[in-house]
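Here's the structure, in structure tokens; my notes come after.
Labels run A, B and C following the written order; every chain starts at residue 1.
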Amino acid sequence: MPSSRILHSLRKVRGAAAIAALSITLFAFVAACGGGSNGSPTAEPDPQADPGPQVGVDPNAPVVSVDLTEWSVMPDVSSIEAGAVTFSASNSGSEDHELVILKTDEAAGTLTVVDGRVDESAYDEIGEIEEFAPGLDQAATFRLDPGAYVLICNIADHYEEGMYAEFAVEEVTGDLVIYSGREEDLIGPLIDQFEDATGLDVGVRYGSNAQLIATIFEEGGNSPADVFFGSDPGALGALSDKLGVLPADILEQVPVAFRSPVGKWVGVTGRARTVIYNTDTLTEADLPASIFDFTDPEWSGRIGWAPTNGSFQSMVTAMRQLVGEDETRDWLEGIKNNNPTEYPKNTPIVQAVADGEVDVGFVNHYYLHRFLAEEGDSFSARNAFMKGGDPGAVVLVAGAGILESADHVRAAERFIDFLLSQGAQQYFSDETFEYPLVDGVEPQPGLPRLDDVEVPDLDLSSLSDLEGTLALLRDVGVIP
Amino acid sequence: MTDRAVTCTKLNKNFDGTPAVVEFDLELERGQLLALLGPSGCGKTTALRLIAGFERPDSGTIQIGERTVAGPRVYVPPEKRRVGMVFQDYALFPHLTVLGNVGFGVPRGKQRDAQAHQALSLVGLTGFDARLPHELSGGQQQRVALARALAPNPDVLLLDEPFSNLDATLRTQVREEVKQILQSTGTAAVFVTHDQDEALYMGDLVAVMNEGRIEQVDRPEAIYHTPLSRFTASFMGDANFLPATATEAGLVTEIGTAVPENEVSIGAKGDVMMRPDDVQLSFSSDGQSRVVSSVFQGIYSLLEIALPSGRRIHALRHHTASFAIGTAVEVELAAGHPLTFFPESEEAS
Amino acid sequence: MALEMEAVAPAAPETSGWARTSWPPIFLLVPALLVTAAIMLPVAYVVGRTFGAGADAWDLLVQRSVLDTLIRTVYLSLAVTAATTLIALPVAWLTVRTDLPLRRFWAVLTVLPLVIPSYVGALVAITALGPKGLVQQMLEGPFGIDRLPGIYGFSGALLVLSFLSFPYVLLSIRAALWNMDPAMEEAARGLGLGTWTTFRRVTLPHLRPAIAAGGLLVALYTLSDFGAVSLLRFNSFTRVIYLQYETSFDRTLAAASSLVLVMVAFALLMIEARARGRSRYHRTAVGSAREPNLVRLNAWRWPALLGIFSVVAVSLALPVAVLTYWLVRGLAAGESLSFVWQALFNSAYVSLLAAVVTLAAALPVAFLTVRHAGWLSSLLERVTYVGFALPGIVVALAFVYFGARYVTPLYQTLPLLVIAYVILFLPVAVGTIRSSLLQLNPHVEEAARGLGRSPVRVFFTVLLPLLRTGLMASAVGVFLVTMKELPATLVLGPLGFKTLATATWSASSSAFFARAAAPALLLVLISSLPVAFLTFREQRPVS
């Protein structure tokens, strides 16, 4: 079976060169006439080509043509940069052949053979194009890490007849440009690590989500940005038209709930909405279980909120999905009637709650922990998580996507892959107190586990309807 | 090669539609010093600035020596005209020493300091090299300005009210010095003033300007005694205009008959112009005229006399003869030289 | 004099025959037009975006709430202008014309609030004066005061913006006081006017153009400020523009709102032009002006010291104290300081570059308006102020738009960033150079021309030396405001280009106050050096 690293052909067709390459690889009948004048190609695998199960072609991936014949395996290049690679195999011999990709440092001709076939279980098998008939072409895309590979045909005796070739995958080199809506204090050290690990030259532009998104839009097709790293699903959604589809092997590292359903962006860290309260005047027991209860007049003049803040707005969007437009409007009006104090964003709410300026505030969970780290445990505010799948406890994400206009797609993919690595996830967990989103990394002690937070059952993709939320907020009169 | 230093022909200059200089003609020869005289606002400074090149004429031509510096499709910028200018406020460079100021217009080179020193000694400021302008007195600043303008040996020197910021005593003294300096260098010069005495004293020629036009250009004596216009006549000093009729015997007025200076047609009516010193006064108990006022002016007193016709004229008397107000006097015309006749509603021909 | 940032005289045509040729020379006109064209880029961008928006933007713009916001904003703008004048007038008078002890020391300190970014100022104000803030904590114990007047809203915005921007007016008035002929005041005294009446009837009218020019900068600055109003929750027009970007990522609506701001700015410019009057300010008398006698304060010295101390305490000492408190607290909590030398170098370097280029751009504009007065040069001069009224983000995005499309190789490089700074801060330089030029006797230039020097050589041998003090003052002014600039730096800087301002912003926005404090303090410290240098060599200009 091909490994899970096989890519699905999700990406949109991009450059003309890719289209040309694709038209050669996808259609068997095209191969016969040399691939000169075919019509508009699609990313769909051709049904006549009898594709193997799970094998897909990423139209954006560079193509390595491999000639299979008796008895040789002949790739047209001997090396390529790491990342997604499409192998386009042509059977120009007279027998059926297949193409198996093994990652190994051993010499191509000295692999362990059992019963006339290479023992695939002894090697790291990256994937294969299953056997197909003479005269046909077959293509599939695989994600290849840097290292030495051997390409073989593993039909009995074919290897020993000489059907093997060495193939090298090299480190991605060059530049990478990141537009980061997340602060340099957080991201800087990670970038340094990434540069050290990859040798890539990374440039980062920091700014607010909105600033950077407006910049990307104004740059038109000339944006130097490869990656956008935003701190809010609303921001990622706003940029979604400018983003390309991410490779499946990146997307699949994160639970479905925390990534773009169309594959435009992937969540990197989770951030829970909470209610922060002043510990001098309140205990957690004084707080209601649902954010809806804050419309009660007893909270009049005691609430701090930031209706212009992206996370807040995403929470409202979530609320609209969960309880509908009318109830959301009722809630907004109810809170508004309680004369909440308005803040520009989360940080000042946390400060204000600790100062007793207001008793409670609607915030993201992790700001509190930064204050605790700087001011110590005497800081008089704590978080409370709303219960029972309440929209007040929705978990949002900070995430990243690759621009469609990116010049350095391979490097960009590596970067996002890096953000989802155990090390980076641990870093986020340790430094920002956010929730890691990949398996194997735990949130900070003191934070309730994501499983214990009664997170509402919600598809983050539904949070892309920012326009509707803004219209509602304007209508209710909480934003200008 | 003529000796012409400056020639202006039919210069016109408007500012936002207001004429400042109108049909301005001027000729000046080498070594001559011309005083451009007129009331304030008459356009004399503008005329000077046109010659210097700080303004461009709307029409007309300006030649310095043989060279046309302004005219149709010709405009030579000030720095290429070889004119020196002394400003009313001197406009010394406050950041440069006296020597720096004076040497400013001399081309860089060995000659610079020598020429600057020469100009400084000319104005009697040897030894002031290192002073800064604000460390000098007004008279000294004025002389530095003059030396600065002279140092590059300009073809023409232009002076804009150069003495107006000096006190009376200093003014007389500096005026004399400047006249001598200019005579010694033989530089043609135009200087603007609104002070008649200064114009008469300094100028080889005096040009009287009024409302943008030149009324008359002549030697100082001629300007004073035989003005061509009533304006010039009254601007150059106290002028009495008395109605007169031209007859064979001369110009007959109510106080006597005068010889006409200009040509008159017999029978013409008009005014004859006489200066206060052309009028003779004598005590006479049956005199028909009365002293109306008397202004003490030092050596002379200026008397205002009401004539039998009711007209008033000014007469000058030595201060030793005192006339009380109301004294009856006899008035007689005793010019001792021909007088200018202005026919009715026309200027002198 | 030190920072002489303002114009003190008219752009109106002069009526007597001073240097004036009928049409400006090409070598001035072309650069001035180029500069103006660059300034019009953001306006063109805003207009383009607005028309791109179509009817929707129009509908949103003509809402009642938009008008309310506009009125509120203009009201704040005028209030801040009035307040800054009230602060700046006595401070200027005390530091220029009296024997106040440590005059120059106070002169330096009262200019420095200019370098405190408004979001830092607001954050500090909230920390210090907010409910449960530091000041209240101090008062709570001994005095039992548990509620201070609210810092949020109009009053807070007024307080913070006034104390941050009064140096604009102060510098302008100081310059005018320095250049005022003491004979005018003496004449008034001779005519029997008392000290106060003299001030009111002679000194104040003389200062009017300076107050108008400084006030204009303050008013425009208030219009375009985002940092303070957002933290202090005052819903100004610029905040609405930012929110439009921030909440809906909507460029067209924000642009349409900016267009409204441009119109308000033009209205303010017209008001200021009227307030300037038509008088002329260079000395026409001969001889150099005397140093004015310093007014002896005698017993008034103590209240005067107390007053100026209070101004410095609120506008400078308080922010520095709060920043220091954060720093110390953070260090005590084991926060490590990553040193910001690179940011320090970048800040100083790019600000210096911006100062020099802005001077070069401002010179032809100032020259045109002073020496070739007319409708065209007046228009050019007025237009230079537009950049100052636009929110930084709008100017930055205009540059993104044009830069990424038409000068791609320059996009996100230092040169383009510096050009953006020039457009943002040109009025700071133009005003100062204008006022210096106005005090120069134009006959001095003519004398040099008459002595055979070409205009270009006259410029280098006569004007530059004479304008040196004014040029340096305007360079320092631009340097200071560039040091704290944020939105254009973030959007247009080369990748990875860190300045003290971005470092402060970055840390404070992620609530690492201790880390924010270090670069902010450095910002104040570094900026004080050129201010001190200029103030201590302050002297009456010779001319």
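Here are a few things to note about the model shown:
Please note the rule applied: contacts are C-beta pairs under 8 Å (C-beta built on N, C-alpha and C of every residue); 3 or more make two chains touch, one makes a residue touch a chain.
Only a predicted model underlies this, so the values are computations on that prediction, with no experimental measurement involved.
Chain contacts in this assembly form an open path, with each chain touching only its neighbours along a single line.
Here the two chains linked by the largest count of contacting C-beta pairs are A-C.
Ranked by how far their CA centres sit from the centre of chain A, the chains are topped by B.
Chain centres here are Cα averages; for chain A and chain C they lie 45 Å apart. Centre to centre, using the average C-alpha position, chain A and chain B are separated by 92 Å.
For the pair chain B and chain C, the distance between C-alpha centroids works out to 52 Å.
Residues of chain A in contact with at least two other chains: none. Among the residues of chain C, none is found touching two or more other chains. For chain A in complex with chain C, the residues that touch the partner chain are 177, 183-186, 203-208, 210-215, 217-220, 222-224, 235, 238-239, 308, 310, 313, 341-344, 347-348, 350-352, 355-357, 367, 370-371, 373-376, 466-467, 470, 473, 479-480. Of all residues in chain C, only 65, 69, 126, 130-133, 152, 230-231, 233, 235, 240, 243, 245-249, 251, 329-330, 333, 335, 393, 396-397, 400-401, 404-405, 408, 411-412, 487, 490-491, 493, 495-496, 498, 502-503, 506-507, 509-515 touch chain A in the complex they form.
Looking at the complex, you find that chain B touches chain C at residues 15-16, 20, 45-46, 49, 52-56, 77-85, 87-95, 104-105, 107, 132-134, 138, 141, 148-149, 152, 158, 165. Within the complex, the chain C residues that touch chain B are 13, 17, 19-22, 284-288, 441, 443-444, 446-455, 461-462, 465-466, 542-543.
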